[in-house]
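Worksheet: the structure to be examined is printed underneath.
To keep things simple, chains are lettered A, B and C as they appear, and every chain counts its residues starting from 1.
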Amino acid sequence: MKERLLAYNKRKWQLLFACCLLLLVLMVVSLCLGSSGIPLSDTMQAILARLLPGFFPVVNETNYNIVWQLRLPRIFLAVIAGAGLSVSGTVMQALTRNPLVSPFTVGISNAAAFGASLAILLGASLFGASQAAISAGAFICAVLCAVFVYFISNRKNGSTVRLILIGTAMTYLFSAMTNTIQYIINDEKLSSVLHWTFGSFSKATPSQALFLFGLLFVVMVIFMKNSWVLDAMSSGSDDVVKTLGIDVNKKRIILGLITVFLTACIISMCGVIGFVGIVGPHMARIATGAEHKFLIPFSAFTGGLLILVSDTAGRILFSPIVMPVGIVVAYVGVPIFLHLILSKKEMYFK
Amino acid sequence: MRSYKMLVSAMLAAGIVAGIGSMNVLADEITFTDDAGREITLEKPLEKVVVFNKFNSEIIRAVGKVDTIVGVDANTAQDTEYWNGWDDSMVVANSQSDIDFEKVAALEPDAVILPSNGDYEGCISNLESFGIQTIVVTGWQNNGFDKQIDIIGKAFDVEDKAKEYIDFCQDQVDLLAEKLKDVEPVSVYLENSGDYCTCLPGSGWNDMVSMGGGVNIFNDIDFATSDQSKGSVHSYEVSSEEIVARNPQAIFINIYDSAAKPGTSIYVAPDPDSMNATLQAVADRPGWSAIDAVKNGKVYGISAFAGNGCFKIVGATYIAKYLYPEEMADVNPDDFFKAWLEDWQGVSYVSGHAAQLQ
Amino acid sequence: MNLSVENVSFHYKTNQVLKNVSLCGTSGEVIGILGPNGTGKTTLFKCIGRILDKYSGEIRIDGKSILDLSKNELAKTIAFVPQDTSVSFAIDVYHAILLGRTPYVRLGATERDLEIAQQAAMMMGLEKLAFQNIAEISGGERQRVFIARAIAQEPKIMILDEPTSALDLKYQISTMKMVRKIAEEKNILVIIAMHDLNLASRFTDRILLMKNGVIVSDGTPGEVLNEKTIQDVYDVDIGVQYMGEIPHIYIK
């Protein structure tokens, strides 16, 4: 029996490795696609010139810069943001034992949108130095909202249902507050607000991508170390999990706050990108089951893949208009999601 | 002694050569300040540019450098006839704030020229590594148009032609001021971009009305302290009763051709019948028969294209002509419009951009 | 191993749920806790398992108060099989059993953990179901999985909260047989909350009968299950027949 388990595990690691390779390949493919119509050979040349500078000279400097300065930060950020949101969704679902929970169930996304709108209302513009103010506003509001929800729902050692309900209430509250701002704001700023809300990577900078990469790496290490705890916490009610020796409340708070922090950082840099926080984990669960040792890295893969595909499609399909990724991800993800639900047996029930 | 003289002469000669040499270097470089206050240094005059905002392109065309333009935004390119063949293939940005940097970089221009309300910060950060200069020129800024034309003149090294253009514009401004200096100002309601939407102080449309000798009946509203959800300084929603109460002596409606993208105007003149129908519909609004302008048939339509023409000086001339026929007896706005279109923009004059309600 | 519960009282807000409850148990014993619904059985379990710790009185294991044990040590000592075995996310049976090794696991399951879980699975006859989705097996089978998990925890005390209430007769009997086997082979103190008096009578060593948070009677089935006591506690009209020493309750 245990040999079979070990064999299964080995298969899962192999699958994961293969998927990572697939993701890398897709990133390279995406690197070759862009609105300026650089021929494939030129793109490959630019890639090789960077990776193996001794062997491949830079043939066309403009194309080289387009590939590495304009396309790469964007692609990198897209994959990291998608991975981060999906992993956050996975952990939140484990903490709340609810497969329909996403980072946004706590109300974070609407809180972030409100924070950004408020910053724009108070004068920050979408361009230039005050861009940081918008990100800061989004981040602060997201974290405040999450802390509030946790604090309230934890007061009486609350069950997770309470947390979800309060989070939903916050979602509506912040949505109303954002709508209020949109109503009173003038036209020029309104377009800024909407532009930010839809989520996009067009303002990706290498430093942002690197920061998020580092953050995601640290967070994933923490989550992986806690993968057993997450398995246990998602397996039964709080009382039973406590008898296994786990400090349920403490773990929930700490892991939950880390999730919130990661999500808030991503939203504040990339705008609101919904849906991947629910679909990413679900897709991963169908492939590898509910064991978090595999689920966490796999959901990082599915999330990164989903956003990469969506962003690339949004860049290419409607040129020169660049469709925000927040919109495209729903179009891309929903059919996949429906197909998965309807064709495969569900990996969970309730 | 002789060696000492030789040394001094040699040093002098060296100094002169160096001086001439450095002056040569200085002579080749161009420096100026753009509209965002940034110091720009060009090694040579611009030869290949991407331009966002059609008013910037107009200035560049006026100084004879339209052939240097290799990429524009979608709002500009839609007016194919006006730009002698520019179409979607020229488009590298949806608008001045929604730019496809990859496409811009692929064109390998010397510079990108865009207004101060465009994403110039994005241009700087994304295009710097390609060696593409970002220059801020705000062609739609009617006040201080001479500054914008001057920047273009320096950047393309056509300062003489630029000066000529400035003079052409300024002469007309001075002419209007001269003709209108003693008039009894007529109160005007100008409607822009939506029913019951007018312009406020701070908008170029408001300035156009003033330049034409009129007084905007809503010039007492300060946008900054008012209900900003009603729009912007260019198009601010007011109530029908208020318009009736303020009883303008003349009404001007900005006409936007339905063939153009929303909020933009094109070279093709609006269809005269539909323009008249629009004006009639305005005159027929409930309660508006009490307004003096309607009673006296002083309801006018000017296409936004003409209104915007030449820093709105074309629009102001039409307004002045309509409001003060006696003072403006020897001034024909069609002439100025024609001169601007044909001499400075290189396109034929089209009639029908301005009309009175029949 | 000796479990000693001394004068434990607990109240939820104003509601006094347990009043001066005392009991003792040793390894290898099977103790049944019986009584009407709402009589405090689950609360008592929660106190013993330290899910609730605001009780008055003492609970000691081998003389040491459970409040002095770390959560981890307590988890290695007491295993809990809940009444409600529904799950939110489905995992393999084997994996579910493996979760019982949580108190012993550092980063991941070791070879030894896998071995212990396997043995627990085999003890409960779950080899064939090992890689089945836990959501797709029957209620009785799922019950066995949770018991196997508790076994894998290698506890000294196992508490089962009404394990037989939702099962059919066959599973009720087999569960109780397995519970006895576990108590004997693993030398564990097993405490079971149950409703079926006859089942308790047949399979337990001792019975604690509770009513309104108080222990009414504590002793062997023969001692506890007599007509008068049962009629007082349950307010029903029954009779008791003896099969040898084992009392058998019938409805009049």
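Following the convention adopted for this analysis, a residue touches a chain if its C-beta (ideal position, glycine included) is under 8 Å from a C-beta of that chain, and two chains touch if they have at least 3 such contacts.
All of these numbers come straight from a predicted model, not from anything done at the bench.
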Graph class of chain-chain contacts, one of line, ring, star, complete, other: line
Chain pair with the most C-beta contacts: A-C
Subunit A and subunit B: spacing of chain centres that average the CA atoms, whole Å: 44
Distance between the centres, which are taken as Cα means, of subunit C and subunit B, whole angstrom: 85
Subunit A residues within the subunit C interface of the complex: 1-2, 4-6, 8, 93-94, 97-99, 225, 227-228, 231-232, 234-237, 239-240, 242-247, 285, 289-291, 293, 347-350
Touching residues on subunit A, where the partner in the complex is subunit B: 34-38, 62-63, 65-66, 69-71, 126-128, 183-188, 203, 205, 319-322
Subunit A-facing residues of subunit B, complex: 74, 91-94, 97-98, 100-103, 105-106, 108, 119-122, 125-126, 129-130, 223, 227-229, 231-232, 235
Subunit C residues touching subunit A - in the complex, by the definition given at the top: 46, 49-51, 71-72, 74-76, 78-80, 82, 84, 86-92, 94-96, 99-100, 102-103, 105, 107-109, 111, 114-115, 117-118, 121-122, 127, 130-131, 133, 135, 153
